[in-house]
Structures are given as structure tokens and as C-alpha cells.
């Protein structure tokens, strides 16, 4: 058999570790035969393929919002059009361990998106699951299947795959926000579909609350005629006022001696799909965390990767061998099984998203509180 | 073989319908043999045991609140103590088709419960699933596992089986409310356990919001450390303001041309377990309905039984061959497969609970919109 | 308000236990008011309605096959026709605690069914879930949705609700078997529908294996095009040879020191729905047990009721205060929460069915191994 | 901010497609700023990141067993030891589109494993889910958690992650088989853990049936004491005789006019987890297909990738633009969304495994029968 490839992409490098064959001309010939037939032996590769514990290529890294992402996005606002073709003025975090690919982690995309006053990001849809999180500003409505959803500081706006959506800025000031998607996962897994929609958004209404919220965002209540489980949340916006209140309540309950917080001084909520109680998106979990001034999280490892954004406050993040002082807007990534500790100088509010639902659904999730290797 | 029974409880009555055996002395002897051996033939019983469609013994019936339940409860308030032994001053609907048993339907208990000023209903727990719905008044706190839950008009307060609970009235006025439980089902099924607790409630705090609400009743948000699915809702109170807002929103969305309502002029919400999106209790579904003035529901049959209470407004209920004008506080029951239509004279708000979760989980649920037999 | 009933079915009996109101003329008047309005107080009834633990009206009881059910069925075979109207020559166990109703337990029907040579039981369908278990004989085919299923000693033949079915005996000898259904549950819950089909079975083929077995009864294999979960098992017959082999294997594994048996000397298999791994029917669990000679089961209570039939061997059954020597064909019932012990004189093979799926699905199941009250 | 990287891995290439910014010195400076800050714009990358439909880098490819894999494995048998360090004499398919990585598809590993007479592959465990499929030969026992499982032609032997396992060949002839794992997925996702066990297998018994089969591989029967759902199948071997019988039965049912086959002339079974009815492994589906001589499958696309091995017979495979004549032992891969047709010259038996469970659980699965782009 011969391949269609002028030169085989397979290159086998003999190894001299324990259990390896002795070098010989026959062995060289065997390895050449493997290369020719597009075959790779396990015995030379096993350490890299099957490490003792996750050994991610992605590394912990921080990106600065003020003085980093935001001024670059502002410059892009002047130079780069938004419209059909480019589709979005979004600038993605490229994890330095991933060879220059625009991936925050192997599974997750995180980008700053930027709209100038009166600009429109045209409609399209894709199977990639997405959300927006607003660290500051307002004035943009994202229109999801014709439903206009206001975007304001602190809001979390999920948008499940294959829904039509566009954005427009109706205000006189630019607006920037965080986009999170599973683009890297779907690119890796070859699951993505994409379609173009109208160049303009399909509704120019600017209500304070989206229709999705009016139907679905009442606490503990589902519309009786539509109560069947859905694979993604039908709620278009999780508003800051509720998130903030829930975190405050958790900490006060702790003060009163009752359970609720994750650990002392550390409150957290998970954004949930009200039709199932599960995650908002099939591939992405989203949470909001609040640390009291002076508190510190336990050192923790988890299978799967996460992206965090500081919403408000100042603190110190220790991720594996890296340590950073962080402040409002800063983004940092934590690859799989890298131990993480966060300490709060002030009250520290953080948004977090991660790929845990993938691994929970595939029985691959593990976590370790001690943080030992 | 002989039984331990002086007289067998089995009495066989020969039938003369199609397919029946010809009368004879041998047949009489056979039937006597059956009686003696505690056996019953299918062929004489099949029509009653396996009807063409559900043929409930329970009948549609209405109980009046004003002029019926409430004045009797007030009289009981003067004559009947509340405390250990009797446990609760609760007066239950006895469906006239069920032979005097205190059952609204074969599965559901519905009662008015009444507390005089400063009275305490002592703590106990039972596997029977329960809820309270408040049609008017306030001043009572129900204390569930030490968590005091205020009860106010319009509130729905579920309380899953096997949680400790007691009630106390801290006000100067009496208070009455609706109790709903699955007592008849658990009595039928021999699943009930019961334990006495302290004579006093374990907390005399009177917060406006229970701890359960502070932890669980934020829209679309779950405490991140406690997000695992639970078989019953952890929310102790579904407040009227949210129910009312959700119903208003549904009707306004319909006005604007968007889906959400069950049918024209008819909004409805289901009280949900936020950890699963399913029903609040394993055996009981609870809903709130709002009909616009002049609207009428489609004629509908369902497997399973329901109890309704008018929260506000006036209308006409047609349940099988029965028809009643109903108003605030009135309770009516609809047995399995009895066609139901409700018409609204004014805006008509109704609370409803039913046993649908039992039949959905057992693949026995059916509904028919046309209402034809 | 007045009722439509000439005489109210409600009769209230004042109680003099702890917590009861003092007798008085006003109290009598109040209770009369209750009766008139079809109301029942909880305080006079609570002990019966909400016992400390299940207090079933059904009692443990045994029915003899040889010398009991079988000779009576044979006599019925001579006197009672099988055909349209009576539908089936089935004779049901009537639990002596249930007032003469043809119910083995509150939820379960158990009957001997009997077909003379060449007889046909006409086709019908009903929502009641059913199965057949063959303690002896053969020669009958049950035809389920046109699929002829041979019935032979040791076979378990489930038949989910709403499937057409009839039976015919193609042999020269009569045949008797055990029918199990959830008739009492569906009668109680008002969920039953019933339709008549053809007078003759729709297929007179007599294959050794049904089509359902050919499609679904290969170990661990599902037809790739039909693998979606189904609410009931698609397998029409669980053959004795497989049941027997599985039990033998379990006991041999125990001999070799490996897990598998329920307890020493006690092997058991559950008949499963291969599309879900769950129970064969939504309301009924079915199992087969084998006890080694001289072994005895631990004393065990369970919420829910069970019916057992001795398939082979001799032993002693202790159910609550009752104790019986049992042998081939004998049937006994164990109501909810009644402690049960079975001892084996010989190798003792027992078929068992119970209503556990109902209570597991409703989070009401409990079991206790110690058997203490 | 500056990175720790001497040279940024990010290299941005300006694009001149529609919607792109006009070239300018400022744009160059902006893109340099992106590179320096480890950022990548979406607008230059969107076509590659979010294609209209899956555009896999992996390509369809065939590997020959006779004359390809098998002789190379035999040569490796003479030159390469099996033992601690290299762990396994396994030679993996390297999809020519994946840059020389030992991955059959982005998610799936497929390798020939080879054991000389009397050789032992030492014990280890890993979170990677695995199976073996035997296209020819016998004589090896794989020992899984101490349970020896015989491997014989046609057998499918799943082995869920984190179970100890080793293999040993007790015969006088070498043996080769197919290994399938989710190594590429777990390598990508950083979920893998690995531990070394003993150098020898922990049991040298050579029973014809494993303990797992004796406990779990009886059709429709589960051990009553162990019936809880498990995330992977507890069955250690799915034997050829049952697979073959199930396929024969499906085709015969089709001849008789009954449903069961996937399409005319094409029978298929899915290997199932008997405790759930779901897939044998959380990340891998496994099936066996049989085509009648002269039949051809419909052209079909699916999200996700598959590996097929011809078990017996001859046919023609068309995968996208590629077409191959295939025969016993040949392996071919079909990347995501590549249309596939298989035609059978003789009766054609094929084993197939794929990553569909990943995408079904994440709501990303799609299939298209027409096969049009």
C-alpha cells in the first residue's frame, strides 16, 4: 500500500527509555515502514500521550483590560469595520502555550468585542455556543431570534448554538464586552455549522427587558405551556441586580451561621437553565464569585479549563507557578489540573466560565481540594 | 386450605352479561369455592375493573370559602384546641363520591387550616408531601427545619416530605389558608411515616424572607456549592409578587403577538424545582392560572385529578355534568378524565394543584383537548 | 351551600384522645356543619391517616396452587367459557384485608389464568401493565401486536400497557399460568383505558421464539436503528434457560469468592428493560430468586408490596406474624413494611413481582434490613 | 504588559476578503500590538474558525491489515519488547491530515496490538476509555481488575477508564487485535490520568467466560443486588456468537416483512451498557454491521468521526472523494460530515466505532441521510 502523500507526515523518533527496543538496522527499517504506512508506535509516544496526570500545553496567563485589551479594541474601533465578512470586531485571547491559535484554552474562546456608536454587527447563526458578559458600559442590544436583549454592566447573556443573533449600539458611546464561546472545542471536534443572516438586526426595539426574561426569568416559575426541558437555557439575560443580591444573601447567611457559601468568605452562584437546573449551555458552565476582603480560596485543581474576569476589586491570583495582582477587567485562564488560589485585597467579584459540563457528561470530571500534584 | 377469617370477605355475584357462564349448581359451588379460598373471577368483574376510560368514583364538587369553609373554621377556632395529639386545626374536603373519606380526590388532600392569634401548631414531620397556599391574610410563620417562612396572601409554600415543621401565628388576627398534601395517595400506597417534634416551633424569628428564599429564589441562579439535583424544591416560598408579574408578562407578550400563554386569554405558570426544572414535589404539581375577563378555556380532559382554588375574580366552571359560579376562595375538584371548562366573568386568578407528576413518571398520563369521551 | 346528596356520606366521630376538643353542644353542631358541608377534621383522623409507619390494611397471606388455585381453575375450565365479554378465564387473589376486592395488594393483581385445549382468549388492549409467569405447562401462544410468543415453564412474559394481545392454546392439554397486572393501582388512580380487538388472535403462527426476542433478547446488543429508550421493555419473553443460568452463575461466583449474590446463599436477578436498564414495566418490578438448601434470607422490610410464587422447592416463609410452609406453585403476598424472612428446605426458586418502581420514581421508597419496627 | 515569551507565538496575517480593514501603517501597528499582547482578531480568522459546515483536517483513509498492519506488527514482534516502559506493542493509525500524530481521527485512537507466544503486557490503568476487537486469532486473556477475559475472533471487549488491566498470551502462536481508545480526545482535553500496576497479570486463570459475563451478560437480566446504573458497561466481553445471531435474526425478520434492519439489506447492532441501555463507554459507541451481497448503504453524513474494520467479506467504500475496495481486516476512517456509502460484493461484516456519545451528550449531533453538502 502507498499513501497519496508525496511525503508522509509521520516521523518516528526512536526513544531510548526503559522498555524500548535496541537500535538496529532492522528497527530503522521497521520505523520507516511505519512512516510509509502512516503508522505510529505507542511505545515511543506513551509518556506524552498518556501522562500520569493532565499535562496541558495551555499555560496560566493573564490579559489586562485597562491598558491592554480595551485600548487595543478602541484602536481597532477606528481602523476595522464591523460588517459582513469579518462579522464581528472581536479580539481573542491566544493562550501562549497553544502555538498562536486564538484560543484561551483548548476548549474555550474568550474575546473582547467592541462596537462604536450606531454600529451594527450583522446577524448570523452558528452551532457554537456563546455568551456575553458585560464588565462595563451599556447601550448595545443583542437581538436573538428577533428578541432584543439590553446589555448592561454585570449582565450575563447566554446564547445557545444555532440561534440567529446580531448586535447594535444605539448610544453615542462605544461599548466593549467579553464574548465567550466553545469555538476551539467545536473547531477541534468538527461539529460547527454557520449561516449568514440579514445585514441589519431584525428588531430595533430597545426594551429594558427581553421577551425571554419576561417569559422565563421569574424565580422558580416556568410558563406552564412550555415547561419541557431544553438543552440550553431559554433565558436571554441574567441581570446583575439578581446576581449581586444572591451573593449578598449567601454571605449574610454565612454571617448568621447558615450554609450556602462555598467556603468561608467565598460566595458563588451558578447561572442555571431553569428548565433543567443544569448548566446554561451544553458545553459551558458560567458562575459568579465574590470574595470578602482578606479572604483566600483553598488551593484547588480541576479537570477542565476556566477563564476568569475580575468584575470589581483587587486581589492576587496564584495559578500553578504564576502569580498576578489583578484588578477590574483583567482576564486570566487556568488550564486543566493547574492548582488555583485567589486572594482578595478588597471585596473581589469575579465572573468565571469553564468547560466542566463536557467532562461531567462524559464521566471524566475530577477535582482535588488539597491541590497536591 | 382454609383461611383465618371466620367469614370470607369475598362475595361473588354471578353476572348474566355476554360471555358469562350459564347458571348451574356446579357454578354456585365453584363460586363458593372461590369465596372460601379468597379468590375472585375476572369475568364477573372486568367491566368495573377495566373500564373503557377512567370512571372515577370521585365526583366534581365545589366547596365555598366565604359562607362555607371559613365560618366553620372560625367556629372550630373557638372550640378546638391546636396542639399535640390533634396536631393541626385542619378541615379537609371530603369528596362526596369517596364514601365520607377526607379526600378531595383519590390522591389529594385539601384542607383549610386555621390558627388563632398567638397559637402554635407543634412541630412534626411526615413523608407526606405538603404545601400551603394563602388565599387571604398573613401573620403566620411556618418553620421548616428551623427556617421561618412568612405566609402572606398569594404565596405558595411547598414543603417536601420528611422535613420538620410547625406554624405559629404572631399576629392579633386569626389566619386561614389552604393545605394540600398527598395524604390519600400515601395512605392508599402504605408509604407514610410520621414523627413528633417539639411542642413549640424551633425558631421564633419572623423575617420577611426565609433562608431558603435567600439561597434559592434568585431567578436562574443556584448556589454553586449546592447545585446538585434534589427530588423536591428547596424553595420554601414562591411569593405572590413574582407569580403576579409572570402572569402579567405572559398576557402582555400575547398582546404583542408573542407565544407564552396556554391559549388566548389564558396565562399560566408552573411552580418549579429550580434544581431540576421539574415539579416542586414528587407527587404534586402546582400552578397558577389567570384568565382575562370574558375568556374561556378549551374543554379539556386529563388523566389524574386536580383541585382548584379561586384566588380572585368571578367565573363559571363546568366540570362534566356540573356547573358552578365561583368566586374568591371557592375550591373545586376535577376527577380524572372529567372534561373541564372555565369561563371568566372578571379577570379570574386561580391556584391549581394536581397529581400529574405521579402519572407522568409512570407513563400513564394522557390529555385530550377536544374533551370528547 | 348544600350538597346534592340526600344524606351526606361524611360521618364524624368525636375522639377523646390527647389534643381533642372538649365535648359540647357547640362541638356537636360544628361537626354536623362539617358533615353537611362534606368536610372532615384532621384532628379526629390523624392517627389513621398519618401513622408512624405504614400500617397496611392488606395482610400477609398464602394461596395454594396444588389443591387450591389449580383445581378451582380446572373446574372453571369446565363451567366457564372464554370469550368476548368475560374476556379471560382468570381467577384473582383477594387479599383478606382488602374487603373482598380482587386485589393481591393495594396496587397489584395476581391471578391464575386457565385455557382449555384449542381455546382462544380474544384480543383486547388496556393501559394496565401486565405480565405472565409460567409455573408449569406449555402449549399456549400469547399474541402481542401480532407477534406470537410461546409460553413455557419458567418463562416471564411482560406486556406493557396499550398493546393488543390475545392467547390461544394449540395443544391437547389445558394450561394455567400466573397473570400479574397493576389493575388495582390503575383502578385506584383512575388511569385505565380499554379497547376490544378481534375475537380471534391475529396470528396463528407458533414459532419457538417471538419476533421481539429475535430483535431484542441478545445479551448487551440493541438493534442500532431502534436504540432509543422505551418506557417498557420491548422483550416479549424472558426465557427460563437464561434466568436459570444467571442464577447458577451468581451462586458459583459466590463459591469462588466473588460478589454478585444478594446475601450468602441467595442469588437474584431483576428482569430489565434493555433500552434503559430499568424495570420491565413502569409500575412493576419482576425478579427471580434462588435460595440454597438450608439458607435463610435476612429479615427485611420495604415500602411497597410484593407477590411471590414458588417455582420449585420447599421452604418456610415468615411474613410479620404469619408463617407458612410453601412448595411449588404457592403464592404469597407481603404488604408494605411487613418484615419478611424466607428459609429454604431444598433449593428454593421463587418468582417475585412488586410495585417498587412506583415508589422509587416518587422518592417514597425505603427499606430496612434489620427489620425492626 | 509584556509576555514571558521571548517571541510571541501569535502571528497575524492581514486578510483582504470582504469586510476586512484597509491596509495601513496604523493597522500594521495594531496587529503588532495584538501579537505582543497575545491576541488574535476574529475578523481575519472567522472562515477557518467557523466554517459553514464541518471542514475536518482529518481525511478519509484506509489502512490494510493483510500486507500492511499485520506484517509490520509481526516484524515489531521480533524487534520490540513488550514490558514496563513501552507498556504495549501497539501500532496506531496516523490520519494523514493530522500532521503525523498517532490519531485515526481527532478523537479516536485505533491501533493493532500484537503479542508473541507467552508474552505479558504489564498491568496499568488510565482514564482513557478503551476496547479491543478481535478480527482473527485467539490465545490471549486480558485481565481486567483481576478478571481474566478470553479474546477470540469476533469478540468485542470494552474496558472503561480507570480499571487495572494487562494481557498475556498463553498460546504458542502470536495474536493481533484492534485497540480502540479515546486517547486523542483525552490528550486534547487534558483529562488523562495514568498509573502503573504489577509487571505480571494479577490472574493467570484462563476461563472461557469472564466473571463479568457470568454476572452481566444474560439477556435482559441484571443481578438484583447490583442493578444501579453505571457510566460504562460492566460487561467485559460481547461474544461473536451473540452478535452474529442478532444480525442473522434482523435480516431474517426483514425477509419476513418485519422491521429491525437499518435499511434494506443492512442489519446493525449497537453494543450497549445493560445498566442504562446507553453506549458501552462514555465517549465511544461501538456497533457491528452486516450488509447483504449486492446491497449498498444510503449516502450518509454525520457529525463526529468513525473507524471501521472489515470483519469478513469484500466491498467498496466511498468516503467523500475517496473510494476503496476493502477486504477482511482493512481499517478505514470517516471524518466528521464526510458522506459515506458502503457497497457489499459478498456478505460484508463490519465492526465500527465512533465518538457519537460525546456529541449526543453535548447536543451537537447531526446526521443527514441525503448526503448533500
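As written, the chain order gives the labels A, B, C and D, with residue 1 at the start of each chain.
Keep this in mind: contacts are C-beta pairs under 8 Å (C-beta built on N, C-alpha and C of every residue); 3 or more make two chains touch, one makes a residue touch a chain.
These numbers were taken from a predicted model, which means no experiment stands behind them.
Touching subunit B and subunit C together: no chain.
Most remote from subunit A, judged by the distance between CA-atom centroids, is C. A straight line joining the Cα centres of subunit A and subunit C is 52 Å long.
Our note on geometry: subunit C versus subunit D, Cα centroid distance of 44 Å, whole angstroms.
Multi-chain contact residues of subunit D (touching two or more other chains): none found.
Chain-to-chain contact here is organised cyclically: the chains close a single ring, every chain touching exactly two others.
Across the complex, subunit D is touched by residues 1, 3-5, 8-11, 17-21, 24, 26-27, 30, 33-34, 37-46, 49-56, 58, 61, 63-64, 67-69, 72, 75-76, 78-81, 83-96, 98-102, 106-107, 111, 126-128, 161, 183, 186-195, 231-232, 282-283, 303-305, 335-337, 355, 357-359, 361-364, 366 of subunit A. Residues 211, 214-227, 229, 233, 235, 238, 242-243, 245-246, 249-250, 252-253, 256, 258-262, 268-277, 287, 289 of subunit C are the ones touching subunit D in the complex.
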